[in-house]
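Notes to accompany the following structure.
Chain IDs A, B, C and D follow the sequence of writing; residue 1 opens each chain.
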Amino acid sequence: MSASQLQRVVTEIADELRTRTDRGTVASYIPELARVDAKSFGLAVIDRDGNAAVAGDADEPFSIQSISKVFTLTLALGKAGDRLWKRVGREPSGTAFNSIVQLEYEKGIPRNPFINAGAIAVTDLILSGHQPKEALGEILRFMRFLADDHSIGIDEAVAASEQRTGYRNFALANYMKSYGVLENPVDFTLGVYFHHCAIAMSCRQLAMAGRFLARSGRNPATGHAVVPPERAKRINAIMLMCGHYDGSGEFAYRVGLPGKSGVGGGILAIAPGTASIAVWSPGLDVTGNSRLGQLALELLSKRMGWSIFG
Amino acid sequence: MSASQLQRVVTEIADELRTRTDRGTVASYIPELARVDAKSFGLAVIDRDGNAAVAGDADEPFSIQSISKVFTLTLALGKAGDRLWKRVGREPSGTAFNSIVQLEYEKGIPRNPFINAGAIAVTDLILSGHQPKEALGEILRFMRFLADDHSIGIDEAVAASEQRTGYRNFALANYMKSYGVLENPVDFTLGVYFHHCAIAMSCRQLAMAGRFLARSGRNPATGHAVVPPERAKRINAIMLMCGHYDGSGEFAYRVGLPGKSGVGGGILAIAPGTASIAVWSPGLDVTGNSRLGQLALELLSKRMGWSIFG
Amino acid sequence: MSASQLQRVVTEIADELRTRTDRGTVASYIPELARVDAKSFGLAVIDRDGNAAVAGDADEPFSIQSISKVFTLTLALGKAGDRLWKRVGREPSGTAFNSIVQLEYEKGIPRNPFINAGAIAVTDLILSGHQPKEALGEILRFMRFLADDHSIGIDEAVAASEQRTGYRNFALANYMKSYGVLENPVDFTLGVYFHHCAIAMSCRQLAMAGRFLARSGRNPATGHAVVPPERAKRINAIMLMCGHYDGSGEFAYRVGLPGKSGVGGGILAIAPGTASIAVWSPGLDVTGNSRLGQLALELLSKRMGWSIFG
Amino acid sequence: MSASQLQRVVTEIADELRTRTDRGTVASYIPELARVDAKSFGLAVIDRDGNAAVAGDADEPFSIQSISKVFTLTLALGKAGDRLWKRVGREPSGTAFNSIVQLEYEKGIPRNPFINAGAIAVTDLILSGHQPKEALGEILRFMRFLADDHSIGIDEAVAASEQRTGYRNFALANYMKSYGVLENPVDFTLGVYFHHCAIAMSCRQLAMAGRFLARSGRNPATGHAVVPPERAKRINAIMLMCGHYDGSGEFAYRVGLPGKSGVGGGILAIAPGTASIAVWSPGLDVTGNSRLGQLALELLSKRMGWSIFG
C-alpha cells in the first residue's frame, strides 16, 4: 500500500472518531493528568520506508506514562540480559496494573515488566550503581536517540504530582524491597520511575521511537541494531501479552497488534515488519486503557490488514 | 521455502530432540494418560499449499485433551456468536488451568474459554437443548470434517477415567452452576466435556484439523469458509493469550505463535497465513505444557522465520 | 439470679424485639427456607439447675441448618479424637461460609469445622465405613439423646431442596475430594450433610441439646459425661472463634458468648457454667447470621452479666 | 486460691519449661531483636487483689512489640470512640500479621486493630493533629500510668532498626494512605508506630499494665475507671479473636484466655475478673507467637481453672 493510501486511511479514522462522545474518563489519580483536554486526539504511523502519516493532534506532547516501560525494558535488557528475568516474570498477571496481591503470593516477584511493580523493578535495575539523575539522563537520551528528536523532555509538574501522591507505587516498591527484589533505596528508584513516566512526547515522536520494534531491532535512520532481532520479537511478544494490563486479551482480540498503553491516554502499537503506530486520546476505559485509542487501532489494523493473527 | 526444505527442517528437529532426556513428567492425574510411552515424539506441519511435512510418531493417535477446546470454541461461536462472551471472558487468567479462585472473585464467569472452567462453560453452550450423545456426535463430526478423516474417535477408557476421578472439574462445574452460568445438568455437560477431551488424534490429523485457522477461516480442501476471516483471527488471538494457561507468556516469548496445549502432551500451533502445526511429546513442564513440544515449536518457528512478532 | 428473674429478662427481651422492623432478609438460596414466617421469634434459656425460661415461638421447630455442625463436630471428635485435626483446621477463615478460595490456597484442608467445607469434612468422618442411613441415624439419635426428646426429626422437604440446588456444596465437596480430604463418595457425604442440616428443632429443644457445653461436658439429666470437660471447653472455643463465619468477631464483640448460627435464623449460645441458650428469628444480616437473634443475645448477655470477657 | 498457691503453680511451670529445647525461632526480621538470649523465660501474674506471683526473668525488660497494640487501641477508643471502627474492622483476618492481600480486597480497611495494618491505622488516629513526639509521649505516659512505673522507656536501637528495615510496614501504610485510611504523613505515623512497638517492659510491668482489663476497666490501684466496663470486655473480645494473628484459633483452643502476643516473644493474657498475666520467651512458632509462652499459659490456665470456656 502506498504512503498516500495510508495517509488517507489515517485521516478517515481521525475524522470518524472526531464526533464520538463515548470517550471514557480522563485519569484523575494523578492530579496533573486530569487537566488535559478530553477531546484531544492524535494518530501517527511510520511505515517501513520511514513515511509518516499523521492526523489530529499528532504533534502535541502528552504524558506517555506507562508507554515508557517499553523503553526501560529495552534498556534494562541491554544492561542485564536474561538476568532481568530473575527479578521479573513475563506472564500476564490477570489483575489490575497496580495490584499488590500477586506480589504476596509470589514472594515479591512481579508478574511482568509492564504492571507497575514490574516496571519499578526494571527501573531499579537500570538505576543500579548510579545516581537517579544519571539513570534518568540515560533513559532520556535513549528516548531522544530512538525518536531522533532532542527536544523530548520531562513534564516536571506531572513527576512532582506523582511523587507527592503515588502512595500505591510506594506500597509496591516497599513491598518488593522487603523481599530484596529492589537493590536501591526506594526513594531513588521511585524518583527515576515517576520521572520516566512523566516524559512528554507527541504521537509522531512516539511512533518514531517505536520504529526499531517494527524493523527487527534496527534503527532505520542509521541501519544499526538497537537490539538483536530476537530481542525485538520478544519485546513485541511481551507487549501483546501484557501491554494493556487486564485488558490485554481484549486488545489482542480486537486489534491484533503488540501494544503498550499509558494512563495519559497514549498507546504505542507495532505492526511487525510493517509500521510503528502511536495514538492518543485521554479518556480511559475501566481497565485503564484509552478508549478511542483502542478503537482507532482496531480500525487501522482492520483496514490495513495488519493483524498478526491472519 | 519449498516443501522439501520444510520437510528437512522438520526431520532435523525430530532428530535433535530424540536424545533429550529432560522430557518433563507425563500427566498422572488422569490414570489412563500415565500409561503412554514417555519417549513418544511426533511432529506434523501442513503448509498453505497443503503439503505435509512429518517426523517421528506423527501418525500415532494420542489424547488431545485441552486442544479440543479450540474446536469446541469454534463450534460454540458458530452457534451463539458474541452471546458466548456473556458466559466466558477472554483475558489470560494468571492462574493454573484448574484454579477455582478466579471464579469466586468474578461471580462464576470463567476468565477465558481455555482454562477448564471456561471450556466447560463452552461445552454447556454446545450442549444446550440437546442430549449429550447428540452434542458429542456434533463435536466429533466437526473434528472429522476439519481433519478430513473419518477414522477419528474417542478413547473411551480415558473418558471413563476422567469421569471417575475428575473431582476438580466437578467442583468447577458445580461452582459455575451455583451462579447460573451452566444451563444443563452438571453430569450432562461434564459427560460431553470429558468425552471431547478424550478424542484421540495423531499429529497429522490435528495439523489437518487446524488448517482453517492458518487460512483465514477457510477449509483449503473445499475452499469454503469454516468461519469468517475475522473470527479465525480472533480464535488465534485467544490461543496466543490463553492457550498455555499460566505458561502462555512463556510460549509467546519463546515460540511466537498462537498455540493450544493439552495434558496429553500435544500442542496445536498456527502460523497465520502459512502453516498448521501439531507436535506431541507426553512429558509436561510445571505449567502443564509439553516440554519437548514447546522446544520443537521454538526451533521450528525460529528456523522457518514464522514468529508473528517480526 | 433466680429462675423467675431470668424468665422476666427473657420475656422483656422478646417484648422489646417484637416491634422491630429491621429484621434482615430470610435466606432464599434454599427455596424451602424462604417460606418461613419472617416475624417468627423464639428464645429459650436452660440454666445450670435445669430451669427453662422461654418466650415467643420457643416451641416451634425450625431448620437448625449449620447449628447441627456443633453436634456433628462433637460426635466426630468422639470417634476420631485429634485425628480429626488432620482434615480440618481450627482457625477463623476470614471469608464467607461458602467460600472456596481458602481451600485452593491450603490444599483442600478447610479452615475450621463450622464453615461449610469443614462441616462436610466432619460429616465425612462420621460416615466413614457406614451407610448414609446409618450415619444419619446416629446423628439423629445423638441429638434426641442430648435434647432428651425423641420427637426430633428431619424436614425432608428442606433436605430434598438442598440436594437439588446445593451446587456450591457439591463444588466444595468435589474440591476436597480432589485433594483426598474426603474418604466417602461425594453423594454419600453430602446426602448425610444435607439431612443433618435439615433437622428441625425448637429453641427449647436446641437449648436442651446444648446443656452439656454449659456444664463441662456433662449431661445434667443423667450426670454422665457426654464429652470430657477439656473437650467441652474446646468446642466452646471453636464456637466463639468460628461460629458466625465472617461475623464471628462481631458476635464476640457484642455478645461475648460462644455461639453457632444457622441460615434458618437460629443461634445456639453457651454461657459456660451457667446456661444454654437458643434463639430464633429468620431474618439474616449480610454475614448470614440472624439479625434479631444476635440482638436478643446481646441484650441477654448484658442484662444477665454473662459475657465471658469480664 | 491463695496467693501462695498461685506462686507455687507459677514456679512449677517455670521449672517445668526450663529444660525444654523446642523453643522455636527468635525473630530475625528486626535485626536488633535477634540479639536477645533465646533461653530467657519470665512469667508474672497479678491477681485481683494485687498480689504478684513471678518466676524466671520476670523483671527483665524485653521489646513488647505488638503487645503495645492493646494499649494504643485502648487510647484510640478513648479519643475516637466508635468512629475508630470506620477505619478498622474487628474480625479475624485469616492471614498472617503482615499480609497486604486483605487490604486490596477490602479497599484499604484493615481487618482488625491487631494485624500490623490495623495497628498502624490506630496509631494514625492517636497521632491525629499532633506531632509524633507528642503522640509518643502520650502513649508512653499511658503505659507508665497503667503499670504504675515511671521507669518504662523505649529501646531506641530497636525503633531505629525497624525504621531502617520495616519495608513491609511502609508498604502497608502507603497502601492504606492510597485509600485515604491514614490522615497523617506516612513517615509520622510509622515513626510513632515503630517507637511504641519498641517499648521495653518486663513481665511484671506488663502484667501490671494489663490489670484494668481483668478488673472491668478499673485501675485497681486508684479504683478509677481507665475505660468503661463494656469497653474492657470488648477489648478482651478482640484480643481473643485476633490477638495471635493466624494462630488465634489455636490460642483460644489451647489456652482459653484473651491474649496478645508480640514478636519479641511476650504475651499478655487476661483472666477476666481474676488475673492479668505476662509471659516471655523469645522463640516463636510459625505463626509468629512465643512457643513456650503459649505453653506456659496453657498450663497456667488449666491448673488454675481460668479458661473462659468452662
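Following the convention adopted for this analysis, a residue touches a chain if its C-beta (ideal position, glycine included) is under 8 Å from a C-beta of that chain, and two chains touch if they have at least 3 such contacts.
Please read all numbers here as calculations on a predicted model, not as lab measurements.
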Touching both subunit C and subunit D (chains): none
Where subunit B and subunit C overlap in contact partners, by chain label: none
Length of the line joining the C-alpha centres of subunit A and subunit B, rounded to whole Å: 32
Cα-centroid distance, subunit A relative to subunit C, in whole angstrom: 55
For subunit A paired with subunit D, centre-to-centre distance based on mean C-alpha positions, whole Å: 47
For subunit A, residues contacting two or more additional chains: none
Those chain pairs that satisfy the touch definition: A-B, A-D, B-C, C-D
Touch list for subunit D against partner subunit A, complex: 99-101, 103-105, 167-168, 170-175, 177-178, 186
Complex contact set, residues of subunit B against subunit A: 89-95, 102, 111-112, 213-214, 216, 229, 232-234, 236-238, 240-242, 246-250, 252-253, 256, 258, 270, 272-273, 307-310
